[in-house]
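Since the structure comes first, as structure tokens, the remarks are kept for the end.
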Amino acid sequence: MEATAELSYALNTFYFLVCGALVMWMAAGFAMLEAGLVRSKNTTEILTKNIVLFAIACTMYMVVGYDIMYGGGILLDGLAADGVAGAEEPAGYAPSADFYFQVVFVATAMSIVSGAVAERMKLFAFLIFAVVMTAFIYPTEGGWTWGSKDVFGLYNLGDLGFVDFAGSGIVHMAGAAAGLAGVLAIGARKGKYGSDGSVNAMPGANMPLATLGTFILWMGWFGFNGGSVLATATVSDANAVAVVFLNTNAAASGGCIVALLVAKAMFGKADLTMALNGCLAGLVAITAGPDTPSPLMATIIGGLGGALVVGSIVTLDKLKIDDPVGAISVHGTVGLLGLLAVPFTNSDASISGQLIGGATIFGWVFVTSFVTFKLIGFVMPVRVSDEEEEMGSDIAECGLEAYPEFKA
Amino acid sequence: MEATAELSYALNTFYFLVCGALVMWMAAGFAMLEAGLVRSKNTTEILTKNIVLFAIACTMYMVVGYDIMYGGGILLDGLAADGVAGAEEPAGYAPSADFYFQVVFVATAMSIVSGAVAERMKLFAFLIFAVVMTAFIYPTEGGWTWGSKDVFGLYNLGDLGFVDFAGSGIVHMAGAAAGLAGVLAIGARKGKYGSDGSVNAMPGANMPLATLGTFILWMGWFGFNGGSVLATATVSDANAVAVVFLNTNAAASGGCIVALLVAKAMFGKADLTMALNGCLAGLVAITAGPDTPSPLMATIIGGLGGALVVGSIVTLDKLKIDDPVGAISVHGTVGLLGLLAVPFTNSDASISGQLIGGATIFGWVFVTSFVTFKLIGFVMPVRVSDEEEEMGSDIAECGLEAYPEFKA
Amino acid sequence: MEATAELSYALNTFYFLVCGALVMWMAAGFAMLEAGLVRSKNTTEILTKNIVLFAIACTMYMVVGYDIMYGGGILLDGLAADGVAGAEEPAGYAPSADFYFQVVFVATAMSIVSGAVAERMKLFAFLIFAVVMTAFIYPTEGGWTWGSKDVFGLYNLGDLGFVDFAGSGIVHMAGAAAGLAGVLAIGARKGKYGSDGSVNAMPGANMPLATLGTFILWMGWFGFNGGSVLATATVSDANAVAVVFLNTNAAASGGCIVALLVAKAMFGKADLTMALNGCLAGLVAITAGPDTPSPLMATIIGGLGGALVVGSIVTLDKLKIDDPVGAISVHGTVGLLGLLAVPFTNSDASISGQLIGGATIFGWVFVTSFVTFKLIGFVMPVRVSDEEEEMGSDIAECGLEAYPEFKA
Amino acid sequence: MKMVTAVIKPFKLDDVREALSAIGVQGITVSEVKGFGRQKGHTELYRGAEYVVDFLPKTKVEVAVSDEMAEQTIEAISASAQTGNIGDGKIFVTSLEQSVRIRTGETGEAAL
Amino acid sequence: MKMVTAVIKPFKLDDVREALSAIGVQGITVSEVKGFGRQKGHTELYRGAEYVVDFLPKTKVEVAVSDEMAEQTIEAISASAQTGNIGDGKIFVTSLEQSVRIRTGETGEAAL
Amino acid sequence: MKMVTAVIKPFKLDDVREALSAIGVQGITVSEVKGFGRQKGHTELYRGAEYVVDFLPKTKVEVAVSDEMAEQTIEAISASAQTGNIGDGKIFVTSLEQSVRIRTGETGEAAL
């Protein structure tokens, strides 16, 4: 390979690794966000779920997930024997870096689920679900989309004009679909909905953690979207990456501001948790197409996400779909918005393609997840007992309170 | 463009984006630092201010700020239609990356203000100030300095020997000047100063958060100073960036150690909050010239900052200037020190140039900020009522306590 | 230098700086982990230790440490006068970047110590130990290993087949050896071990902080191991870096899962703190050789670390070696495992070489550290008084509680 | 007047408050306490070491009432706080010599 | 001897302590409590759902005094804790049969 | 019956609980309080400003016992809570008119 090709390969690889590390960092963001938004008696358990699901995702995707999605062999043995690229033809970057970048996406999808079913799903049942989701459910739909495979040999989403740049649908809505399946399978937290139709607030225990989590996610998202350009070593790729960074930031900002204002108008208070969800909604909304809008357009798309997320959270509560951290709204409702926004700035995408793609992903993940939750339920309890729920899953499942000294 | 020029463009762009992401991360640092140093009853509100001000800064700087400072057009429409650089002449990096790197600096300046006026300024009045500061006040003085424009058509700071590498004055002292204006406009927290001249301590509620915030800022500062070399794709640029990283780290270390020792000598205790302010003071002190000193010299400059910040904090309290997190001392007093230290290691800078530049920045930002605070005061209250202050702004403004469960 | 060599130099330098910043970030990880695992009355003090030890490490390594380990002159004056590389011969990257990358490793070793002696060692005695450790003890053994010097002029570890890629032994076990010396020199926390042989649990005060710390360390470790390839600007180097990132992640995942399962089997509960220690154990285990194993093998090595760490923690408690955060087990016991695992995937290493190398490092650091602790003890108390220990070192040493408002 | 002090299970507080409101009690004072009694604490494991959480969280409710109301108050608390399981708690009654409403200076039953 | 127990607004604690010191009281014991009374709690909104914060934070002050001091103590607390607004709190007095200073074993008024 | 209330140093709680168990006391209720007394608080410095931490953490132990047990209870607490240093705390005894075990409805000494 000539010197400039070598350098290009090296720069692309390094770019992938840096972006991947930022996405890995999002796992900490989800952990902190969720730890901040649950009640303190369920904090240790949600932390445990978050760090272990990340470990499971990384392991299962290595074992079979990557192979299902892109090929490469069980246990990655299709990568050359020393674990790196075969050198016959000059690839654009190290295959290991590609795996590393892809694997953290799986974990992101899975992290979304933990938030939706927080405070009541059994730890080990959840971890088993994580195995199935990261080994099979996500890689299958990932294969149909980024892997360019036909959906059950029937139709090809790319051909239908489906475009999902960094995964508003493939990652975020997929996670939300699994979360929704979980919530429907196990029900709401005890006491969340009164028999008279009232919705009882259960304030999260730690706002600084929730805010920290949001900042971490915001930062990590630069890797999530920025890395999805998949190369940076030419002028046009570098420009594309820069635009993606800029637009990602703009959309988060738009989502934050609009969610704050909408919440203020609706509730009369500046609800921090809605502003945080607004940031994330802005990010999810732009993720399907951060490369094509202008900065202003990106801000507006993010802002729409921010408005939508507030409405979605309130509406889900009316439907008694209990999502303690707002994961289904942020990643699901707004994920769909993100898909539908793409055709307005990108002519490669069509509304119909986006709808069919969204429905395919949602349908597949929702159905398989729901079945999985039910199957697990035959073997072990998926939901904590009433008594455990009252006591808190920290004591019940982990034998350890999150803040053992602060309880009076 | 030839292959090596393409690669150089790509590497510079990637370097900008990575450094920019690190600076963005500083927003989380300020949020955690301030959340740790206020009392718990004002924590949700300071978190809200911090994340929303970041969103506002990103939006307003896109709308008009960047254009005021560097040109480029309202809404960035001077960047080519696809949001990236026009290709007529080979630029050194992607224009979008430059915007991205610049925009996070604006947010930094604004974050400084929130700390100074913490625990008593109304949320929405603050956010309106953020709009003015990031759209107009900061970009104007940024135009006079990094934008090389004449100050009101009268004089040019660059010609006078003013050098501020990464913004000890342009960013940090500017933020502090606005913070000081805010403090003078709205007064001290209730109960901070006794009528007998006594100073009442109001300990911050959460030391781990304050420490985390400092570590985040320390890390982010590598992007702040390191990115300010503005290019890295040649040997000399790479060397410069490496020296800046090394010196930035050395100065923070010096500031930390000296502040700890000075506080120990003055108060008889190892005051963690002073050590944290010392790290930041070291960082601010080196920011005006991290490229020229030797490592030892950088450590000493940082150490001077660490000593100065302790004295400044105590002195401001004597003057009844109530700054809950020490922002005015860290970024203002030490920012000026940073400017004055440059001529000792950089012959491009002159003492007079630094003084005139510092005075210009301070005067402009202080006066316009003070006027802005007063003008906002005609339209809406800028300060919480006595009752709200007693109750805490979390309940009063956000309807949500930061740690709802831990209060007895 | 020709254009591609310049670019290669620049890319390598930037890679070093990014990896170095990630390792610096590990300091925050240790601070949060330790702050979460001690009791709240000792939190401010452990935070103070962590940030100041980092500052001391950076300063002392600049003053003499780097020179002892690699040459380069007191105060780095062997680097060219402007603080950057002399240009006579084309180096592969900026010398300042090399220093920056190396210095954060010293701090890592030192951070390990603070956890082991937490909750009872005097702050200033600890800081003096930090001076000796980072100026002299660590650089000396670092010189024998990465510096390729003969051990006391007697034998050369490299010649004996000692391989420690990123420092399972050189950094982690070294830190643990110093920690063990400290624990033996100052004894267990009051009340930890009953006279009847019982072990009293002293639960850490803040699980979210401990989890955050672990995520930070996990992220930072990509820089720690990834940067240790020492270059990235060729295809083979880029591949190596990518493999290292992948394997580092795989090992942490393996360690996490296995530790969780082992703890569940042994204690009947999903012990979060063990899962966290398991992640770190996986990381330590792979650190000596992250470049050669397959992904599966890396996961297994990490998993072995995760199993071993649980056993080691329980065993040390039986031996009344009181290590509040598990530092000796994570970094010491598992560090040795890491060294011994290398020969199985890397033919450059021999079991005997690893044993001799491990013994040399451990013996040197343990003995010199123990002597240093004792010598400091002649001049000042190294351990807090009984009364101070009861009251907590936060009040006694820092005059400031970590959460002043939350105590009833 | 009587001071009726009840130590109850925390999650019963809302029921007790409603029961007391229902019989016309206008004020109560509540605090978080830890109880040690027949109901045993649980054992926890932390990093392999056992520790007994001896004291269980309980809620203390204090109600000052007129002599006539005392019996009714006791019954209301008993009924509303009962689960039938061990650890339901106790009610203690002491004699109250005086009571004052700080705001108005009213004393005796008028102050309750 | 009397045990004088006052439930007051938290921010009045310093004033009360000073007033008690002024009349020669040497010791007090303070705890954080929640009060439910005529003064109503406030309604909060969290993510669109309303919830009532029923119980307001109050501070409980307990002072054991000799019989002669009782009246003075009540007056000192009343005067220093009063704002005139609803929720100022109550003072309750019960008879104290015995008191012991643990350190010395002294009993009765000598132990206060 | 008597209500014996002791304000002790927090780290003495375990000793007191054991001493009470030893004499057959079956239940106690504990709360965290702050005490102000002869033992003075300490002065802290925060960012150069002094502040006095007036109130010291103490633990309040409440034990309801039969009349016969009262003396023994006082002695057990006195002995186990004593360090001989200032701030060891106090024991207060009041008369208990009634007690009820919520679970069973038992009253009087049977309820203790």
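The first chain written gets the first letter, and so on, giving A, B, C, D, E and F; residue counts start at 1 in each chain.
Basically, contacts are C-beta pairs under 8 Å (C-beta built on N, C-alpha and C of every residue); 3 or more make two chains touch, one makes a residue touch a chain.
Treat the numbers as computed from the prediction; the structure is a model and nothing was measured.
Q: Chains shared as neighbours by subunit C and subunit E?
A: Per touch definition, common to subunit C and subunit E: A, B, D, F.
Q: Return the chain pair with more inter-chain C-beta contacts, choosing between C-F and B-F.
A: Of C-F and B-F, it is B-F that has more C-beta pairs in contact.
Q: So how far apart, in whole Å, are subunit A and subunit B when each is placed at the average of its C-alpha atoms?
A: Once rounded, the distance between the two centres reads 32 Å.
Q: Return the distance between the CA-based centres of subunit D and subunit F, expressed in whole Å.
A: 18
Q: Quick one: subunit A and subunit D, Cα centre-to-centre, how many Å?
A: Averaging C-alpha atoms per chain gives centres 46 Å apart.
Q: Could you work out how far the Cα centre of subunit A sits from that of subunit F, in whole Å?
A: 52
Q: Quick check on subunit D: which residues sit in contact with 2+ other chains?
A: In subunit D, the residues touching two or more other chains are 31-32, 44-46, 94-95.
Q: Which positions in subunit C touch two or more other chains at once?
A: In subunit C, 4, 7, 11, 18, 203, 206, 212, 267-269, 271, 273, 399-400, 403, 406, 408 touch at least two other chains.
Q: Following the definition at the start, I'd like every touching pair of chains, please.
A: Result for touching pairs of chains: A-B, A-C, A-D, A-E, B-C, B-E, B-F, C-D, C-F, D-E, D-F, E-F.
Q: Once bound in the complex, which stretches of subunit C touch subunit B?
A: For subunit C paired with subunit B, touching residues are 1, 3-4, 6-7, 9-11, 13-14, 16-18, 20-21, 24-25, 27-28, 31-32, 35-36, 43-45, 47-48, 50-52, 54-56, 58-59, 62, 75-77, 82-85, 87, 93-97, 99-100, 103, 123-124, 206, 209, 212, 397-406, 408.
Q: What part of subunit C is in contact with subunit D in the complex they form?
A: Residues 199-203, 266-269, 271, 273-274, 310, 313-314, 317, 326 of subunit C touch subunit D in their complex.
Q: Once bound in the complex, which stretches of subunit E touch subunit A?
A: 44-51
Q: Considering the complex alone, what residue numbers of subunit F touch subunit D?
A: 3, 17, 26-31, 64, 94-103, 105, 111-112
Q: Provide the residue numbers of subunit E that touch subunit B in the complex, in ascending order.
A: Residues 11, 32-34, 42, 44-46, 57.
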